[in-house]
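Please find the structures below.
In the two complexes below, subunit A is the common chain; its partner is subunit B in one and subunit C in the other.
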Partner chain A sequence: MIGWLLDALPLSYPDAVVVVGTAVVGFVAGALGPLAVLRQRSMFGDAMSHGTLAGVAVAFLVTGAKVPEVLLLGAAVSAALAAFAMIALERTGRLRPDAAIGVVLSVSLTLGIVLLTHIGASGNSQQAGLNGYLLGQAAGLVERDIVLALALGAVALTVVLVGFRLLRSATFDPGFTSVAGVPSWAVDAVATGLLALAVVLGVRTVGAILMVALLVAPVVAARQLTKRLSTLVPLSGALGAACGAVGGVVSGRAELPAGPVIVLLATVVAVLSVTFAPRRGIVAKARRRRARVAG
Partner chain B sequence: MSPDDVMIVVISGLLATSCALLGSFLVLRRQALLPDAVSHAVLPGIVLIFLLTGERASLATVLGATAFGVACVAGFDWLRRTGVVASDAALALVFPALFSLGILLISRFASGAHIDLDSAIFGDVTFAPLRTIELAGLDVPRSLVITGAATLGTVLLVVLLWRPLKASTFDPDFAELGGLRGKLVSQVLLVAVAGLAVVAFDSVGAILVITFFVVPAATARLLVRRVGTMLVAAVAVGWVSAFGGQRAAVTFDTSIPGTIGLTAGALFLLALLFAPRKGLLTKRLAARPQPRPR
Partner chain C sequence: MTTSTDSRTAAQPPSALSLREVSASYGGRTVLDGVSVEIPAATLCAVVGPNGAGKSTMVKAALGLVPSVRGHVELLGEPLRRVRRRVAYVPQQDSVAQDFPITAIQVVEMGRYPHRGWLRRLTRHDDELVAAAMDQVGVADLAEHPIDELSGGQRQRVFLARALAQGADLVILDEPFTAVDARTESALLEVLTTLCQNGRSVIAVHHDLRAVLDRFDHAVLLAGTVLAEGAPGDVLTPEHLERAYGMTPLVLNR
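After this line comes the complex of A and B, so read on.
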């Protein structure tokens, strides 16, 4: 299916696989990021990534072997559970988002560590490297990973497109959504499920811990350039894809791990945009303020 | 309980005390995730010191790590104050970048050396009683001395800055205009958090530190309404978790920091359900439908 694309790129086959894979993950993360950033949930990804550890451990305990798909499924389930726990805590109205995220993050990470300790003591020879799942290895990508990423990404983007109006009103005016007849918890749940999907997509490439940056940095950069959500989503997706592709090429050339290169690239883009964006940038704001004082 | 068991409870309890004191202010300021960010951001500092000196767990390592922890909170504070980026997004931008830098440094210059990415200087409270230093002719666990000093420093800091800390937490503008140096105090708090976090990672491990910063404070927030009592309650929750967790770990023969963390989580859940006034079930029990007079 994607063979022709890999052949068409002026890169060696393994490099092409990495570049396409990281670009796809970058695009999906960038496009889904607004769901987190605009609702002050940027650190959701952080807690979900720490939550994956417990899921990986449980999946390993159940199957007794390191089958990548099964471990990823475990990671996805526990990331989603962590996310739902955060939303539930937030919705009780007793905690602010940051404290809710912090509590879920520490408890789920602790649970993961306890489970890993248990596995380590069981003496199963296959257990080595389980915690390596927190840090990705883009160089180990194969074509099958890209197909999987493309499929999951397509599902996520379809959901966003179909439910765009709902997501928009839920983002800016949750009260309106529930008055309009759609319970806000349902929208919350869908949005969170999509974010969990994005985190798990990133596990194989940039690593779960760095995924938080890929969800946030393109959105921050794109937010400086547009006010409209309908522009923000594709723009930040494109920025994410660009960072993913360029980072993939650079890391291949320099023999560096792809995840950190992509993340640093995305961070540089975000900081540049925060500083120099035409209207909302720091420089532009300072200049306006000076003009106002002078005038 | 053996002397080692007591030592583990005391070290964890002392750590819980200092973390809960600063963590309460972080929770009130909506910055509860700062310690977690610092735990990742210190990596480049550890690697740089390793590349320069070849040491992995020295005083220099702690200093290098602290430098990058402070860099993380400084970057966060700068981005936040520009007003362009929300507080949570600012944090999510800064710490992955520093963590990435650390991983790149390792893979470029230190791939031969064995540096566990997430646990280079991260100790484990289980072995804390075994690593001793000589103090006034006695063998004292290094962690006890370090956490003791850190706790003393934290208590002093909170007592000395009590009024400005409180004021800048609840009303930053008043703190600034009222001559209480709110901005400066906020920055002191951030630097103190970074420093305490690094010192504590070194002696008891990152997971326990992150947990102690957030969970007892969040629990206390559910239980009481005043800042002073919140600090006391948070510290108490920390000590109960340390004691209960250590006992549970011995009973079930599993990871001590793990069970301490889970105990703290369980206490949080209890408070969420049964806290006076605010508990989810308390409310339901109290609000049982009254027969309406006709």
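After this line comes the complex of A and C, so read on.
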């Protein structure tokens, strides 16, 4: 299906698969990241991503095989459960949002690690590589993973494109959209669903622990470079794709886990942007302030 | 003067806002307890009261923004779902996302979305209304500025322009004059007064009792329940304020 693309790249076939796969994941994460960052829901996304681990493990225990689609489905279900648990804890009014996130994040990570350890000790020869979901692994990607990521990513990006005006309005001023007739729970549900999708797609390559950084860092970098959300979303996606692609290849060559490499790259990009962005960067702002004082 | 029934009999056009026995609670705490008001149309109305009196909750309850509300609410004589396009809301500044990538004109354009829907392009007519609204509140030259680089006063002008572009018959503002310079406050009040003269209704949560006495037509004094409603001079009496604030604010000791 995408063989022509893989052949067209001036890379060996395995490298081409990794580059395209991690680029797709990076693009989707970068483009959907604003739904977490601009809604001040980054840690919410982090807890969902930690939640995927238990789902991956349960899906493997139930089916006994490492079918990527099944594991992804498990990840999606448990990410949704984590989101639901956080919202329920908040709504009952017993816990503040940060406490609800903290509880769900640590409990679901613990559960995931216990289950993975149990699977690792079971001697099932199928299980090799499941640990990759912790810190991410780009080397194991196959063409089928890319097709799946492209399909789900296309669905998510279509939702963002079609609902752009509504998502922008609701994120900026939720009261306005609510009065206009769109209840905020509906927007929350869509945004949370899209975030869950980005997390689930990324968790295989970047890993459950670090996935949130790929949602956040490209947005932070892109935010410095534009004043419009319609520019920020594709720009953040492009930065995410670039970090994903480069990080994926480097980690493969250097035999390092993909997650940390990709995340370090994205962080460097974000720091550079925050420091040196033309208008909003720290340096530019300091220079303007000095000019004002001098003038 | 605390009754609302006598004003209702005389009013020909439906009230701007009618609340009957409205109660609301947040996290188990009752914030509004049996609030009934009848705010006449085409007036500049202020909602005043001490901190925690439920002023914000009252306007949010009227707009369906509070989850658990009991009682009966009518805006412009209709339930909210039938007048959504005709009601504009200017929220408190801190309930709007800070550091959001959006330009001033994009904020004002939001005022046209209730008419155009979330999917369709804005028409040339919409663009003209947006431009006229920005002109009217003096922010036409800020159109392409990012909202997070504007001053508090400029930002509030932009949000009022959004309400104007919407062409709403009822504009509800939650603390519109916090972090706003005196010149902007006066200019915005001027615009709001003109709206009311043209038959539109304005309800604003406000802190400045002096300004309410001088420039508003109608006032609701709130402290969990309605302590008084009517002409500002009848509402902001020393006795009422004593009950609401536990003291008479100095500014009114004339």
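Operating definition for what follows: the second predicted complex is superposed on the first by the 242 of 295 C-alpha atoms of A that agree within 3 Å, B and C clash if a C-alpha of one lies under 4 Å from a C-alpha of the other, contacts with A are read in each partner's own complex, and residues count from 1 in each chain.
Methods note: a residue touches a chain if its C-beta (ideal position, glycine included) is under 8 Å from a C-beta of that chain, and two chains touch if they have at least 3 such contacts.
Please read these numbers as outputs of a predicted model, since none were measured by experiment.
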Taking the superposition on A as described, I'd like to know which of subunit B and subunit C A:282 touches: first, second, both or neither. first
Scan A:42 for contacts with subunit B and subunit C and give back first, second, both or neither. first
Check the residue A:264 against both partner chains and state whether it touches subunit B (first), subunit C (second), both, or neither. first
Just to be sure I read the superposition right, which of the two partners does A:224 touch: subunit B = first, subunit C = second, or both, or neither? first
For A:106, decide between first (touching subunit B), second (touching subunit C), both and neither. first
One more residue to check, A:97. First (subunit B), second (subunit C), both or neither? first
Check the contacts made with subunit A and report whether subunit B or subunit C touches more of its residues. B
Please work out whether A:169 is in contact with subunit B alone, subunit C alone, both, or neither, and reply first, second, both or neither. second
Under the stated touch criterion, which partner chain does A:212 make contact with: subunit B (first), subunit C (second), both, or neither? first
For subunit A, give the residues common to its interface with subunit B and its interface with subunit C. 40
Under the definition above, what is the set of subunit C residues touching subunit A in their complex? 27-28, 60, 63-65, 80-81, 84, 87-89, 91, 95-97, 99-103, 106-107, 110, 113-114, 118-119, 146
List of subunit B residues in touch with subunit A within their complex: 27, 30-33, 36, 40, 79, 82, 84-89, 91-93, 96-97, 99-101, 103-104, 107-108, 117-118, 207, 210-211, 213-215, 217-218, 221-222, 254-255, 257-259, 261-262, 264-265, 268, 272, 278, 280
For the subunit A and subunit C complex, residues of the former touching the latter: 38-40, 93, 162-163, 165-166, 168-169, 171-176, 178-182, 223, 226-229, 231-232
Which positions of subunit A touch subunit B when the two form their complex? 37, 40-43, 45-46, 89, 92, 94-99, 101-103, 105-107, 109-111, 113-114, 117-118, 131, 134-135, 209-210, 212-213, 215-217, 219-220, 224, 256-257, 259-261, 263-264, 267, 270-271, 274, 280-282, 285
